[in-house]
Amino acid sequence: MRRVRCGSVLLFVFFLLLFPQSLFAQEADPATNPGHLTWMLTSSALVLFMTAPGLAMFYSGLVRRKNVLGVMMQCLFLMGLMSVVWALWGYSLCFGGEGKFIGNFDHVFLKGLTMGTETPGELPGGEVPDLIFMIFQGMFFIITPALICGAFAERMKFSAMALFSVLWGTFVYCPLCHMVWGEGWLYYGSEGSLLGGALDFAGGTVVHISSGVSALLAAMMIGRRLGFGSEDMRPHNLTYTVLGAAMLWVGWFGFNAGSAVAANDSAANAFVVTHLSASAGALSWALIELIFRGKPGVLGTASGAVAGLVCITPAAGFVQPMPALAMGAIAGVVCYFACGKLKATFGYDDSLDAFGVHGVGGTLGAILTGVFATQQVYPDGPNGSVQLVIAQAAAVGVTVVLSLVVSFVLLKILDITIGLRISQEGEVRGLDIAEHGEEGYIS
Amino acid sequence: MRRVRCGSVLLFVFFLLLFPQSLFAQEADPATNPGHLTWMLTSSALVLFMTAPGLAMFYSGLVRRKNVLGVMMQCLFLMGLMSVVWALWGYSLCFGGEGKFIGNFDHVFLKGLTMGTETPGELPGGEVPDLIFMIFQGMFFIITPALICGAFAERMKFSAMALFSVLWGTFVYCPLCHMVWGEGWLYYGSEGSLLGGALDFAGGTVVHISSGVSALLAAMMIGRRLGFGSEDMRPHNLTYTVLGAAMLWVGWFGFNAGSAVAANDSAANAFVVTHLSASAGALSWALIELIFRGKPGVLGTASGAVAGLVCITPAAGFVQPMPALAMGAIAGVVCYFACGKLKATFGYDDSLDAFGVHGVGGTLGAILTGVFATQQVYPDGPNGSVQLVIAQAAAVGVTVVLSLVVSFVLLKILDITIGLRISQEGEVRGLDIAEHGEEGYIS
Amino acid sequence: MRRVRCGSVLLFVFFLLLFPQSLFAQEADPATNPGHLTWMLTSSALVLFMTAPGLAMFYSGLVRRKNVLGVMMQCLFLMGLMSVVWALWGYSLCFGGEGKFIGNFDHVFLKGLTMGTETPGELPGGEVPDLIFMIFQGMFFIITPALICGAFAERMKFSAMALFSVLWGTFVYCPLCHMVWGEGWLYYGSEGSLLGGALDFAGGTVVHISSGVSALLAAMMIGRRLGFGSEDMRPHNLTYTVLGAAMLWVGWFGFNAGSAVAANDSAANAFVVTHLSASAGALSWALIELIFRGKPGVLGTASGAVAGLVCITPAAGFVQPMPALAMGAIAGVVCYFACGKLKATFGYDDSLDAFGVHGVGGTLGAILTGVFATQQVYPDGPNGSVQLVIAQAAAVGVTVVLSLVVSFVLLKILDITIGLRISQEGEVRGLDIAEHGEEGYIS
Amino acid sequence: MKKVEAIIRHFKLEEVKNALTEGGLTGMTITEVRGFGRQKGHTEMYRGTEYAVDFVPKVKVEVVCTDEQLQSVVDIMMQAAQTGQIGDGKIFVSDLANIIRIRTGETGQDAL
Amino acid sequence: MKKVEAIIRHFKLEEVKNALTEGGLTGMTITEVRGFGRQKGHTEMYRGTEYAVDFVPKVKVEVVCTDEQLQSVVDIMMQAAQTGQIGDGKIFVSDLANIIRIRTGETGQDAL
Amino acid sequence: MKKVEAIIRHFKLEEVKNALTEGGLTGMTITEVRGFGRQKGHTEMYRGTEYAVDFVPKVKVEVVCTDEQLQSVVDIMMQAAQTGQIGDGKIFVSDLANIIRIRTGETGQDAL
């Protein structure tokens, strides 16, 4: 607790130092089209909506009743925590400077972000004010670690989760984001990029693969839940999961179509293919369950929609509608097997299938982007080709290695210092009472 | 099951055939205003939001606990299914070509949809890219059959529901949509239209009447729920219903104001009258319950809001705010009686009042549009008049006849082939376990 | 009941009188940018979304199971009731004419609102049609009395709540709104304004302080709940509260950034600082609970987010991001003490802490706006200064006095005539059954 | 005095209640329970993980009555709750030492 | 040994629990139940369909005690749970053949 | 015939059920209950208001069996439900006067 107290004092000192300072120059720029601005505001709101209520409902419905608040809290608290980190240094490490592997400190405390759109060349987001590009990107910084929480649900210490998220955000997300979107080593077409760079429209590598594989690692390092395999661990409230999935679907329009950073043809295309891929994913997972399980499951249909959404994410600005249908359909089937079979075979306890859906679906999407990308959608980009597939695979590889190595180090350190896992008694009582002193439902 | 397997194989073959093909020509069109585009993207998201979480919550709260997932599944699954159908042939049958009664196959697989707005004359949606008009309209194609599900809730086979929805969408929705919005036989002012054509801004006939009367028929053909009238069939979770109603209200702004297909005065007017009609509907239903029931009910207030929303739907772009208040107030009262008395008198089991709210409210709205329409809101349209009321009534009549006849045939065929109703045992256990092998809530 | 019947008849007569009348002149104005319009439509939808599902979930989760519908009903019903009042006379009293203290009747029944933006000088909202400014502002008129309901939850008569809301809206909200936003006595920079007028971007005084202090008074006048202090009054469903808080957060973007009444730099800034303040509030409340309570609470984190949102509301268009972080952090801490200590010390039963969060947080925000306001964000406004703080404090004072005095009179009158509180038996059974004849959850 | 506990199907509750009321019984207490017996449960599967759900939701009806009423209570219950299918449930009869009505303090049969 | 089952009102639970604890009782088990009796239920109406809800939510308190404690347990319960209004509930007393504490295997009165 | 009621921990339910089934018992009925005993509850705090939650969620397992089966039922339950920690729960044994199978009308031991 001492640590935390110091931390909060430090935070306050930061604030006090910064109050009266001028952070950005206000220059009205007549060129900012209010239509673009509106779309990015709306998209930012939609992406936040994905984390909570969306993901909070989706995930919390899947755990047992006694952990429902614990899971929701992870989403809610990360909305607060990661946003503050983002404003203080996260954005700068992602989008500051022209480094190959990570940003710099030019924009710590949001220094130097202007309202005008005539921003210096090193800043992306040309169509909207830097500040709005910053907030939109910040919403991604929230949801990515929140996705990881699915893997170690129902047993991780809250404090460890919080610290891990800050560190992971800083040391995994920031470099990756910079490399992929900050015109770094993995950025398509940037100088000296790996095999020419990879396409990632809205976060196949940065968001889904990074979180998915880190999640898998975390699940394995923290171990299975008590009673895994013997106790009744059915989702306590599938209605939440369905509603959460629907909210994710809706919010994803902001995620993907917002990644055009303008209300333009690219956004329009992203919107359409996102919807179609989600639809096809829902359908194909339901059908494969009909075949292998005898009944189309509700959880399966919801998972299929999410799988379709994950898979189209890197491709949204590059592929056409019919291939999007195919991508969603494939994702539904592949993730079905990833969730149902991989876990059973290897015996790890990725409680809410963060890896099975996001890791696998993201990888699939990244690769298929290399297949289906077409200049008819994005004239400045490449067409699908073997070469592009290889570049995409290379980006996947870098993401996987970076995520695994850094996550491993971070988790080890946390395990040794404060411990990753709550006490047995706490786990039996549930996170809600043990970690937060509250209960989800009182009858 | 064999059938389904073949179906899915076929689907995949379609995809495979279509991948590399160029589906639309990308032509940047500087004239597309990002403000319009943003509004249509937002509206599309809002309309999807109506189906789920909105309608999914609204409807599922009204059934018994054991069927909660079954109802949510209908909404969620239709999001996937109908979207795929829409992309494959639905859109084309609605908006392809200049036929009087139904579209053609020009746009199957979304062929020929361009990003630019300079589209050939036969395509509507001038202010935004075709692709976005397509996706916005596609959201209507989802929610309409989902509305029908309210009538046969808690007893229909999932497979029958899915097949019925595809067929109904194809053979009822597509012709109707083409006639009303595809410049066909019922389109106001189109050549050779019925009595001059009817006004239907956002779907009084196409969405609400069509689904409402089909729902009534389906409820009667499938028969009452086991234990109807004797068992406790109270809504298991009215909080969901209230929240769902609120979400429908919010989403309806996209439904109605989005139907302007641009962010213009028409959208602004639609937004305002939609809100006022919903408000007046909530209020009037609550008041009439106060009078006849002694207490204003929560379900009543929610239903009143929805009734108000349904009623203003066809009128949203044509009437002024004060008449909108009146329309909502009347809808609240009329639908109150339609739900409370009609059902009791005729003894059918329209479980969630799909007919009482959507059928009756939609008809009311279509007629009142003929009364209150004014050129002060839509200068290119007519003012309310007896003649217009007659044309509106004629459109209602066509809608009713088409919906009843086709639905009857479809339901009969399905009844004979695969059966409409789940087994008695399944009905007692509930859809969740019987049809999906899952439970909504685990305590 | 007689009263109500007459009321509804009267309402209808109003409608009948008004139907055929021309309420606004339709003049297409090419200058209305669709981007601005879209943003205001979206914002209006978002603010409605705040009341329900947002606030409805947030509040209803905090009460006992037997009152869950009662609380939701207050939100839902007020959406209907206040909107009608707003259209009939509320808007006019807020924004009609140039009076110092209250509007006039120029716009009753929405008379004279045009679609064009070239509106006569006395009307604000230059960037969008009057009608849209009206509907956006109308959403505020709904949520403000809904906030008050938190104070007297679980024991107030529904009828008294409804009447109180109408009267309070008319006699507290309308004058305040006119003074602050209708270029009246408290408007910054208007002639003859109190100490030069105060800054209130999105409703620190008008919405939060007014509702917060009225709520406190109402809680004291109506008395504590039966069994207060002895019975188990834990929140029956904190998951709703968390989800509601998240929805409030998302909706608040419309509330604050929409208050720019255009998609411009001001909106962009408001969006960003709103998010950061909410984040810091969530974080600081969680941290202070960690220190004083041993565990970061989920309710605390959600409350902190709301406190941060409340606090930034008056400041959103005037302060920079780093000060926003500070404001949120301070709000989290101050409101923590206001909720936890004040109530215990003075022994009133502000059931859902409407005062502790909105009254206190709003006051804090109003004052801190005077500290942190800067011309770098709003060039036409003042920089923070002692003088400005005093003006802000004066506006707070006026708001508090007006709210307390008028609310006292209204509540007294209602108490004498129809009574404020439901019967003891009703309170024991719960509002759901006693007031509405329904139950929230049936197992 | 006797306590009669019947484990029955949910959808028979209304019938049982009405039959008992007609039979002159003035009170009963019911509890949601889950039963395990000959009636088989079902399996559920969530993303590939299978669960056998052996317990079936049932409702327990408790009726306290006099020794004279016992036979008629049992008969009424049996008749009203029967479907003839496996899973109809059981009736358990036990002795009560005393009954007290809280409101009045009456004891024994007077408390009924 | 005796088992005392009391059907009481929800808002009396806290009082009953405290009174019993003060009276030296160290354990009890409670269950959510619904009761039918003289206390009338209410009607609910949903879109015109009326339902008579005859069952009133109650809570059942089970206390196992020695024969000597019986009278005091019953007295305590009665006093704490009484409001004097119809619906206060009943107390049922029955004999137990044995008690076992699972943790230790102790039986009879030692298990309490 | 005997009725055996055991108040146990939730996470022991599966084990107890399996052990009983293996032991040849063919039926049981379970109820969600909350228990008060030596095992301490916890406190919760909501915006500064503290609540002591003394009741711990438990599950009650009811098994009706013949007098001969009694000892084995008790033993099985005790073994399967034991953790050795405070809060393992109790087993209450009482006599039943009769059992009736609703489906067939069989009574006594045949009804089991």
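Note that the chains are named A, B, C, D, E and F in the order they appear, and that numbering of residues resets to 1 at the start of each chain.
Methods note: a residue touches a chain if its C-beta (ideal position, glycine included) is under 8 Å from a C-beta of that chain, and two chains touch if they have at least 3 such contacts.
Being a predicted model, the structure only gives us computed values, none of them experimental.
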Determine the set of chains touching chain A that also touch chain C. B, F
Show me the overlap between the contact partners of chain A and those of chain B. C, D
Listed pair (A-F, B-E or C-F) duplicating the B-D contact set, over half by residue number: A-F
With chain centres taken as the means of their Cα atoms, state the distance from chain B to chain C in Å. 33
Need the CA-centroid distance for the pair chain E / chain F, whole Å please. 18
How far is the middle of chain A from the middle of chain D, if each middle is the mean of its Cα atoms, in Å? 52
Where does chain E touch two or more other chains at once, residue-wise? 31-32, 44-46, 94-95
For chain B, write out the residues touching at least two other chains, lowest number first. 33-36, 38, 42, 232, 234-235, 293, 297, 299, 437-439, 443
Can the chain contact pattern be summarised as a line, a ring, a star, a complete graph, or none of these (other)? other
Taking all chains into account, which pairs touch? A-B, A-C, A-D, A-F, B-C, B-D, B-E, C-E, C-F, D-E, D-F, E-F
Can you tell me which positions in chain A touch chain B when the two form their complex? 33-36, 38-39, 42, 46, 64-65, 232, 234-239, 242-243, 245-247, 249-250, 253-254, 257, 262-265, 267-269, 271-272, 275-276, 278-284, 286-287, 290-291, 293-299, 301-302, 304-305, 320-323, 325-326, 329, 372, 374-377, 379
Give every residue of chain A touching chain C within the complex, in rising order. 1, 4-5, 8, 11-12, 15-16, 18-19, 21-26, 28, 32-38, 41-42, 44-45, 48-49, 51-53, 56-57, 60, 68-69, 72-73, 75-77, 79-81, 83-84, 87, 109-110, 115, 128-129, 131-132, 134-135, 138, 158, 240, 432, 435-443
Interface residues, chain F side, partner chain E - complex: 2, 6-8, 31-38, 54-55, 58, 60, 74, 77-78, 81-95
Within their complex, state which residues of chain E touch chain F. 3, 17, 26-32, 64, 94-103, 105, 111
Residues on chain B engaged by chain D in the complex (per definition of touch): 227, 230-232, 428-429, 433, 437-439
